Structures are given as structure tokens and as C-alpha cells.
Amino acid sequence: MTMLIAVGLVTALFLVGMLGAAAGLQWVFGVALPYLAVGMFVIGLAARVLRWANVPVPFRIPTTCGQQRSLAWIRPQRLENPPDTPSVIGRMALEILGFRSLLRNTKTVMIDGRRLTYATDLALWAGAIVMHWAMLIALIRHLRLMTNPVPGFVTLVERFDGFFEVGMPVIYLTSVAFLGALAYLLYRRLAIPEVRYISLVGDYFPLFLLLAIGGSGFWLRHVTTTDIASVKALVLGLTHFAPTVPASISPLFFGHLFLVSVLLAYFPFSKLLHMPGVFLSPTRNLANTTRISRHVNPWDYPVKVHTYAEYEDELRDKMIGAGLPVEKD
Amino acid sequence: MDTSRRRFLRELGTAAVGVGCLPLLDPARWLQEAAPVDATPSTTQWAMIIDLDKCRRNDVREACMSACRREHNVPRVPDPEEAIDWIWTEEYQHAFPDQVHARTAVAWREAPVLVLCNHCTNPPCVKVCPTKATWKRETDGIVMMDMHRCIGCRYCMAACPYGARSFNWRDPRPFVERDAGDKPLSEYPTRAAGVVEKCTFCSERVRTGRPPACVEAANAVSGAEGALTFGDVTDPESDVSRILQSEPTICRRVSLGTGPNVYYRVSRAPAPATDREGA
Amino acid sequence: MATFDEPGYYDPDELVQIQRHPPVTPWMETPVDFRPGTFIYPGKPKNLHVLGLPHPHEWAVTDADWKLPQGWQQIILDGMAERLSRYRSFQLFMDICVRCGACADKCHFFIGSGDPKNMPVLRAELLRSIYRKDFTALGKVFGKLAGGRPLTEDVIKEWFYYFYQCTECRRCSVFCPYGIDTAEITMMGRELLGLLGLYVNWVIEPVANCYRFGNHLGIQPHGMVDTLEFMAGDIEEATGITVDLPINKKGAEILFFTPSGDFVADPGIYTCMAYMLLFHELGIDYTWSTYASDGGNFGLFTSHETMKRLNAKIYAEAKRLGVKWILGGECGHMWRVVHQYMNTMNGPADFLEVPTSPVTGTVFEHARSAKTVHIMEFLADVIKHGKLPLDPARNDHIRVTFHDSCNPARGMGILEEPRYVLRNVCNHFYEMPENTIREQTFCCGGGAGLGTDENMEMRLRGGLPRGNAVRYVQERYGVNQLAAMCAIDRATLVTVCDYWAPGVNVTGISELVANATVFRGEKRRTHNLRLEPIPGMADELADADAVLETRGEVGAHA
Amino acid sequence: MDGLTRVLRNRQHAIVERWCQDALAVYSSRAALVFAREQDQFANPIGHSLRTGTRAVFEALLDGADDERIRRALDDILRTRAIQQLAPSAAVEFLFHLKDVIRQELGSASNEAVCSHDLTEFMRRIDHAVLMAFDVYVAYRERLCELRINEVKRTIPWSVGRRKTG
Amino acid sequence: MRDRTGIILGLGAFLLILAYPVWQALGSTADPARPALQRSVDPSGCVEDTTYMVARHQDLLNTWRTDVVRDGRRFYPATSGKEYEMSLTGTCMGCHTDSQAFCERCHAYADVTITCWSCHVAPEGL
């Protein structure tokens, strides 16, 4: 049910974008809404991150996943249990670039019913990392439509991405990988019972949104090719704050662009916030140094404690009776 | 014929209905590219007959090879390891290893033979190509190369028993012969580094009814008329059929079963040694 | 009519259609089923009074009406708002979960019970759904469609059930790509329940005791003296050694504290005895404290504020007694508090000195600021320097495995020190399967204040993954003892093993050290600290004599 | 009995597989699917014990094994069920399902060689196994009470206990 | 709150990187409009109409390539009914004589690498 709502939403949005543009509203879907979406994205994201930044981290609570640094002759696992800032950077890099924690999933495997070994359960990790990296590369590739002249690294990325030169225009590896990985992530959300049980509309919606964006992008490039130079003129108009809407752009492109606008606008209000959030997780981005140096809680306040004096006052006779030293006789 | 334009319009229409991005690939589009439109195979099979004797003349062979190079912008790479050859000269004993025996005369053994792609009836190179960049064209039996598709795996080179294929180890353009205006001699596309190339029986000439460049060049040398004969071997009235019916001819390595379509006339004994030295 | 045993009685087609699966209801519409043995009794008002906590009242879990205070919804929402503005962890974990499900099958309670709400992600969603409804734009507008739900009394009951069904072990956090820590969520959930006066007695009574008497069991000073004296008596019986009992001794070098569970309950007491013996052997100038007689801190399972209130006494007592530094015994959650919270909450401890081992001279640089050292770090250093005469053969009848306790493993990272000590005092040490130890260790099921007999069924469900791994090494290597450096483990793993892997005993590591140590001036050792005969040493005295003679151990220290 | 045993033995894999799925049905369907899917002995001890347990019980019944062996085969499953949110009836019910499963399997085979008398005998063995499962279940419930008492005993301050005895 | 500065800097850096197209545009003198192309020397018009050619010329060339190389066909029946020889150098470049002015300019704008001229011989420049 939740999934159908998400499918319906995405389909409707796509149709709105495409039919709207076909009906002559190119200025709305090509200029006004993209500006609005980028504005919502930037302000929404900044507001959310600033809100996080304004919430203090009162305690130093890293989840330690390896040996601490203690005695000189015991080797610490710096990347799993960082004892200083460089190690934290290393740990965060592994997490953000390599999805370290998802890679931790292990399964026991019984060989011949006797010997126990361990296999890494790679599926979720692979699906996630392929999807995210492919999305980043696809994003970089799109810079060719947003910049003039196009910087060298964009062309370089395109060249590597299209290395096999299959198809005309060249089919990018990341296009296929992106759609494949998304399809897998959707499949597992539906196929694994516990994941399906916990899934909300807010989980399906971004998946279908990305699938539709990727799919329509692929379609625009490989099937119903549109005039790419006009598309670039449109986009450059936006970046130069001198918007123009060239005539010969396929309505399909406006469907694609509208979904991207929706994604940008939806981003700061959704679980997609995990993108900035992963940098700020206190269980990952803090060094395990609470005994080495004092972490200060900015909102610390005095609490009512039961002092030794109160304790002794209540129990003095018993302490004296038991032969324990007391402060006051 | 279903033109691209109609397809374009149809796709626009499909997209407008909004199911545009559901079937991500249009299977018809790819199928069409892979399968030849004209499904009925033609009976044509181009073939060539090389007169061994006439082609022992250096100027005849040189005329053939040079014409080929100019016609197809074949580069002259100085390093023999990296040479690109569409038509070239082999010694008889190498061209016809199953025709020489212990008592074959040295003159015969070392006689120069003009060799090129045999455009086999049963080409092993085609079977191994992973991208179908080389294929036997059903309309005329030419073993074609599609440079756009070649990925340079060189399986075809390993498969060809005649060594008829060359690999571009480097960009061939600097080695292509130019005219005074520094333009290549022909409009024929050059190749890129990393692809395999070979003789195409001058398919672009044959298409317009002209004979291959080498045939034309050889026949233009005085006294060497008929050194190379080109024609449809399935047409009993063609020159090649006529010669094959009336004269002894041999083929390279028939025992391999590849069915070569380049034949050699062996009508006369080798000329005296003087001639041989020039080979 | 065909009878049951005749063919044709069953219609195969009809059989196939039998649907035995209970209907699936979305989790928001599945109410809690309170069944005795799965929940803990409510906190008694008198304990809340001791601590001055709000809304003390009598109520019962199985009642329909929990007698929530007036305006309870507002109390909860205000409490959430306050915590969202104080804990980045809470705010962030509410915002960024993508429900990928990587954590789902990592929770021991989910593995053992199959209850979907025991999946860490869903446990957090119990809170997150309220957060969405009342604190996010999408939730306010779209409500349930955006994953929000209204705050009702049923939600509170659900919170109570499931937040007291989480042992804050942080195993899920290890696997979460964003490090979302269910322990944080549970702590917030319990704090919010506390605002309505809802606690479990098994947590709040120890807290009240600890607040007033210095330890969770409410042992008063004279009782503690008695307890330690009894232990000293047993030590003498087992070893012939008379140990000192320094209590509240001003000017001692080291303040020693350990969880109070080890004062009273078998088998923790043997670990406690071991500390006394080892300190005696090493000639350490230390003291116990009656005021700070518990390192454990059930405040961690109540609220951050309570944790601080209970923890304050440790530095205060160190200051009063004028010690140089602090040594802590084997405990799990105590070390989470001491390692990750104490210095922040009640530091700086600038009146203490950087801990330096009086035995080896090693400076514990990694405790430079908090001035508190773990007994395993201390002992590993002593053993590494060869300062403890060990005869691991005395533990040869023991085939031991090691259970990493959740908090020291995932909130500190003390993994190698205990293993080093174990390998030096036992000849037969076997690890449990790889995905059940170290940072992937499974909880005993009794942490975070769940270790009572009231919810024994639930605990045994949670203990199943651990028990199952123990049984594996028991069947495979003949393991008969499980070492754990945590007082809650020593209390609850006994039961877990008795049920899931009968025949495996539970022990502290220090106990094994003491049993393997050849003490100066010890009598002929025929019994271990449990006063059980040591095989090969007690069987026949004559044999034992011979063994000791040949080893040259008799009189070596006499 | 031989004929039936042979038929059942031939179909053992299918029967046990089906029965195991059936036995999972007492859990909420979400949990059941998880228990059924995950193969890891340590990540999914319940599914593991159910898989190995049902096979052991079925083999024991086929062999006409003695009470002790059947009890042993049932041990793991009922040990787990004794501490789960199940009514006692639901905990042992899965054994009755074996009858349905066998009927289904034999029904689809429509094997004439299967004598109804043999089948009656086999069903009687299952009934007997149910009784034993009940024994095992109750034994574990009793164990649970005993453990609870032990725990309370252990938490009586040790010094108090010592004082009384000594 | 030491880390707040860090977070704000990080956020700023991220948004700055994200805004690269905008600040490139602000500092750029390059014309954002699509470049003007060399018109055909033959006024009678192209093989197909301009809208189609602009969007789909690569498809047309692709089809031609297949038809010529693989199927040995030579002539393309245009929608107008006229037949054209399918030849890049002959037909296309016969009218659009300068590959730099015609192809490269637009392809550079859209950053689409053309590989045609690494083999095919362009009338102007090689």
C-alpha cells in the first residue's frame, strides 16, 4: 500500500512536469520551479544542518568497534576505535567513502556441517555503495550541461564512465549501475519481510523518485533524444540568472527536470538528510578519548547529590560501631 | 522502410503519453541494428584469381600493393612487427605449405606470391569475434570489418590461418601517405589505434560496380593483363568461373576447410633464377 | 462419513489453503501484549520520593489506566523538545534513519523473540513516529502518510514495554551506516517515561539505594565491613592468607571501587575476594569506600541527570580521602559511565595524579585526565612485567571461553587486555564464534536494568544468541566455564547458561587470576576461592604434596 | 509398516521442509519469514533449531525410536518455545501439523501401497510424541521457575546466607 | 561548541562547491547561448528538417553507418522522397564543409566528444 502511494506520487509528478511543459508552461517547469527547488534545497539543508550544529554534543559517546589505545604494548585499532583526530578522519572516510559499517555484516557458514567460517554479507553494502557512487558520478557528468566551458575533470569522468563505448550515444556504466542498484534496493525493501514491514511512504518515495529520474534521464539520452544544446542553453540561462527557454526541448525533459526539482525540494524534509547527517553522527565522528582529555558539556548544570556529610550524618553511629573512621564525632 | 524519422516521431508520441520511461530500452531499435534488413541471402560470392606467374613480376605486385595503400590510406609503419598489410607478398613455401615437398625446386619454393584476405566461405575469424565487428556479408560474401565495433581483442588475428589481419598498435595517421597539400590520398577513413584491419575486397568500389583497386592496378600494367581476375564465383558466366572451369587452380590451405575465395592459377613453370632474385 | 484415518478425510486442496499465519497488522496498529515474565514491575513511589523525582504514583503494568499525570502529553512533548535541543545524537538519530534494515537482525531480543518491534529500527520508530507528527513539517501536514502518529496512552505503554526490553548494548550501532545508537534512543525514551513517574522498580530502587547509601543494594557501612570480613575469612580458609581490609582509609594511594553486585551474589563474590588477594599480594596501598561503594550506576538506565547524581560521589570521595588515583573493578555499564561520562559529568579530577602503577611504574597515559584505570589494564600490565607468580596449571580443569561485555567492548574497546590476562592464567582458552564476540558480542539479556527474575522469559529470549554460542563451544571444545568482566553478566549469564548451555559456570577474570596465582605465604592450595576442591590438588593429599614438592612451590614464598 | 516407512523416507526431505515451514507459523508472519530465511546458526538460532529439530523428530518417528530419543530430538525446539510468547497449546501444536503434512504428501502420491493400518500406527506415534513434547515443555517451564528461585536465592546477601548456615 | 564553526565551514564549503556552475557563470565571459553553426553551402536544405537533424543527427548517422557498412546499402530515402547517398564525408560534409565550424563548435559546447574524425577524413582539417 505504502509502495503504491509512492509509485502513484512519482508518476503523477512526472506527468505534471511533462504535460505542464507540453501545455506551454515551460517557464514554470524550466525556470520558476528549478529556482524555487534549489532555493528550498539550500535554505532547507542549511537550516537543518545549522539546527544540528546548534544542538550540542554533551557527551563523547563513540561506538568503539575495536581495541582501544591503552597499554603501550597492545596495538590499538585506530580506524575502529580512534584515539585521536587523524584516526577519526580515517574512520569517517572509511564510513562515508567505503560504507564501512554495512560491510561489517557477516554470516557464519558451516562447511561440511563441521567447520565454521565467516562470509561477508555483501548484498546491502554493494547495492548501497554502487547506488551512491553512481549517483555522484552521474551528478558530476551533468556538470557538462551546467558549465561553459566544461572543466577537464568532467570530460575525464565522462570518458572513464563511457570507457566501453557501447551504444551511440555511449551508454555510461554508471547509468546502468545506478538503475541496477536502485532496482536491487527496491527489491530488497519489498522482498525482505522485516525491511518491508518497517518501510514507510518516505522510504519508497525517494527510491521511485530516483528510479524515475534515472530512467527518464536514460530515456532522454538513449531513446527519445532531445536537443542537448538547447537543454544546455536552458540550464546555462539559469546559472547566469538570465533564463531563456529554447523552443525545441522535448516535454520529457521537463518531466525529468521537474522530478529533480521535487527531489531537491523534498531533500531537507526527508530521510535524505542522512547525507549531511552521516558526517555528524556522534557515535562515529568522535575520538574515544574521554579518559585522556576532558570533554565539556556546554549545558552542564549542578545537580542535587547526596554528599558525604549527609551520608555520614545519617550513618555516623553505625560507622563508628563498625570501627570506620568518621569526619565529625 | 521504417525510417529513423518515423521512429523519432513515434517515440515522441509514446513519451507524450507518459509511459516514456517504463521500457528503458526500445528492443526494436537494438534488434533492428543487429539483424540485416534484407533477410534473403544473395547468391553472390565475390572471388579473385591471381595468376601466380604474372604476379612474379615485381612491378605488377608493387602496383597492386601500392594501389591498395593509396585507396585505403593503409599506413606504412616502419617497424615490421607493427606493419599493416592488406595485400602483400609471401614466399610460395609459406603461402602454400601443403604444396611444397622435399624435392620442390628452390625457385618454386622461394617464388613470390601475392596474398590477401581469402574472404573464406567459412571464415574462422567471424566465429570468434565477440562484438560481431567482423562478419560475412550475406549479400556478396565479403568478410567485412566494422571498425566502429572492433574492440581490439585480436581473437580474429589468432583465428585467421592466413595472417590476413593486422593490428593498429599505434595511431596510423602519421604513417599514411599524403599528397602535396598534406591531405591523405583517399577519402577512405583511416583507422584508430587499437583496431584490427584487413582487405575488404574494396567493398566501397565493388558497390559502385568497379573492380578492386589491386585488380585495376595490375591489369593496367602492360603485359600483365589478367594477372588478377575478380568476379562472382556463383555466376557461371563470370570471368572467374570461366577460368576456374578451364584451368588448373589452387587455394591456400584447403585442408583447413575454410573455403578460400582467392584462387591461384598455376599454368606455367617458374621463370629463371634472374627473375627470382628481384622478388 | 470418512473418519480421520481413512483416505479422503482430508481434502488436499483444502489443506493447502489453511492459513496459519496470524494476520499482519501494521506495527502502529499492533498493541502491546503484556504477559507476565516479559515485563518488570513499576517503580515504587517511595523510591521516587528519595530522589525527588516527579509524579510518584502507584500503578500496575497490567492496569488499563496507568494514572498518568494531568497534561501528560504536553509533559512528553516538552521533554522531547528539551532533549532534542540538548542532545545532537537524539536530534540526528530522529532525522537521518533510512530504514535500511541493517540493524534488524542484530538485536538479541529480536533474534530470540521474533517480535518485530524488537528490531532496533522499529524500537526507534516508536519514538520517531511521535517526533515526526509533532516536530517535523511533513509530519504535521501529512500525518500518518509521513510516518507520524498521535501520542496516546497506548504509545506510552508501548514505550514502556519496549524501552525496558532494550539492554542498551549498542550492537545495532556497530552495523548502522550512520552509527545510530539505540542505547541513546532508549535512554531518551526512559527519561521521557520518567517525566510521567514511570520507572521500573528494579532500576529505581537500586538508584534510590545508591543515592542514599552509596551502593545499589543499600548495604550500610557496617554491613559492608561485615561482608568484606566474611570474604577475608573465606580467603583465609582457601589460601591461609590474612588480607588487610582498608576501608575509608585517608591518604591511601588508590581508591578502589567495583559494582556492589560482587559484594553479595555468587559468583561475583569470588571476583571480589580475588581483588583483595591480588592487592595484598602486590602490596598495593588502596582503600575501599563505603560512601562510594558502588561503581555501577543504574542512573545510566534512568536519566542522564540521575547518572550524574549517583556518579558524583566517586570523585568527591577520592578528593575527601586524598588518594592519588582511582582503580575500577570488572563491570560493564560501570565502565561505560566511568569511561564515557564521568570525566565530563563530574570532572575535572585535577586534584588527582596521573595514574601510575605502584607495582611496575607504568604510567597509564590513556587515563591521564579521568585518572581512572580498569583492573584488566592494571593486571595485564602487572602480568606483562612478570610481577605476579602464576601457575596456570591450577586452572587446568577449566576450559574457559570469554564473553565480551557490551559496554566495555562497544563503549570503550577493552578487548585485548582481558584476553591477555586469560591466556596467562588459563591453559585452555577458547573463543566463541567470530560474529558473537568483540565488538559483535551478544548481550547477556540482562543489561540496562533488565536483570531481574520478573522478566525472566524475556531475558532468556534475549540471552538465546549468547547461550547458543556458549553451547557451541561447550559441545565443540568442552568449555565448562564462561569468563565475563561484568557484574550483571555474572548475575544473569548464570541463568542463561543454566537454561541454554547447562554445565557451563560463570566466573570473573580476576577470580581465575587469583586461583592461578602462587601467593606468598599461602598454605597448600587444595581448594579454590569457591572452596571447591581443585582437581589434581585435592584428590589425594599425598599426590598433591608430591606435585608441589617437585614444582618447588611449597615454601617458595614461605 | 515397512511399505509406509519406505514411502515416507523417500519423501522425507519434502515432508520435513513443509513441516518446518508449518511449525514456523506460530510466530507472527514477519518473524516467521525471518526465521525461515536466515540460515545462520548464530544470527538465527530459532530457525536453526527448528530446522534441525524437525528433521531429528521425523527420523526418530520413522525409526520407531524409544522415548528418550524422541525427547532429545524435541528438546531444542521446546526449550525455545518454553520462553516465548506462546500458549502451551501453541507450543506443542506443531507436532499435529505433521499429520496434515504427511496426508498431503501421501495424498499427492496416491500410493496404493500405503496401508491405512500402517498410517494409523504412524499417527499414533505422532500422538505419543505430542505427549512427550508436552512433558519436555513442562520440564522447561519448571526449569524456568527453578532458575527464577535460584536467582532470588543468589541475590539474598551472601553474608546473610553465610550467617545462617555458619 | 567548538565543532559548530567546523560544521558551518563544512556546510559553506559544500554549498560553495555545489554552486560551482553559478560562480563559474558569474566569472565567465563565454556566451551561454548555443553557438551559431556554419550553414549549409547548399540552400536546398538538409536530408531531413532542422528540428530532427539537431536532435537526432547522431541517430541518422548511426543508421547510415549500419546500412552502409553492415547491409551494403547506399541510398537513404528521405522523408521528402528524395534519395541521398549515405556518406558522411560525401553527403554531409559536402554541404557542411568545415567540421570545426559545423560539428566541433556545438559538440564542445555540449561536451560531447566526437570520434568520427579520428578515422573519417574531414574535408577541412585533419
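Here the chain labels run A, B, C, D and E in written order, and each chain numbers its own residues starting at 1.
As a convention for this text, a residue touches a chain if its C-beta (ideal position, glycine included) is under 8 Å from a C-beta of that chain, and two chains touch if they have at least 3 such contacts.
Note that this is a predicted model, so its numbers are computed, not measured.
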Drop subunit A from the picture, leave everything else in place, and list the groups of chains that still touch each other.
-> B, E | C, D
So which has more C-beta pairs touching, A-E or C-D?
-> C-D
Which chain, with its centre taken as the mean C-alpha position, is closest to the global C-alpha centre?
-> A
Per Cα centroids, the chain farthest from subunit A = B
Please flag the chain sitting at the greatest distance from subunit D, going by CA centroids.
-> B
Between subunit A and subunit E, tell me the centre distance in angstrom, where each centre is the average of that chain's C-alpha atoms.
-> 35
Just curious, how far off is subunit C from subunit B if you go by their C-alpha centres, in Å?
-> 81
Mean-CA-position distance for subunit E and subunit C (Å) = 67
Roughly how many whole angstrom separate the Cα centroids of subunit B and subunit E?
-> 34
Two or more partner chains touched - positions in subunit A | 52, 54, 56-57, 107-108, 192, 194, 197, 250, 280
Can you tell me which residues of subunit B touch two or more of the remaining chains?
-> 8
Counting only residues that touch at least 2 other chains, which ones in subunit C make the list?
-> 24, 104-105, 116, 226, 433, 435
Name, in rising order, each residue of subunit E that touches subunit B in their complex.
-> 48, 52, 55-56, 59-60, 62-63, 65-67, 69-74, 77, 79, 89-90, 115, 118-121, 126
Can you list the residues on subunit C that touch subunit D in the complex?
-> 5-7, 9-10, 12, 15-16, 18, 20-22, 24, 33, 35, 37-38, 104-105, 111-116, 217, 219, 223, 226-227, 230, 263-266, 269, 433, 435-436, 453, 456-457, 460-461, 464-465, 468-469, 472, 491, 494-495, 498-500
Okay, in this complex, where on subunit E does subunit A touch?
-> 1, 3-4, 7-8, 10-11, 14-15, 18, 20-22, 24-26, 28, 30-35, 51, 54-56, 58-59, 62, 106, 108-113, 115
Flag every residue of subunit C that touches subunit A in the complex, lowest number first.
-> 24, 27, 52, 84-89, 91-92, 95-102, 104-105, 116, 119, 121-122, 125, 136-138, 145-147, 170, 173-181, 184, 211-214, 220-222, 225-226, 247-250, 290-291, 304-305, 308-309, 312-313, 316-317, 320, 339-341, 343-345, 347-348, 362, 364-370, 372, 377, 380-381, 384, 409-417, 420, 433-435, 438-440
Can you name the residues of subunit B that touch subunit E in the complex?
-> 1, 3-5, 8, 33, 36-38, 73, 135, 137, 139-140, 144, 146-148, 173, 183-184, 186-192, 203, 207-208
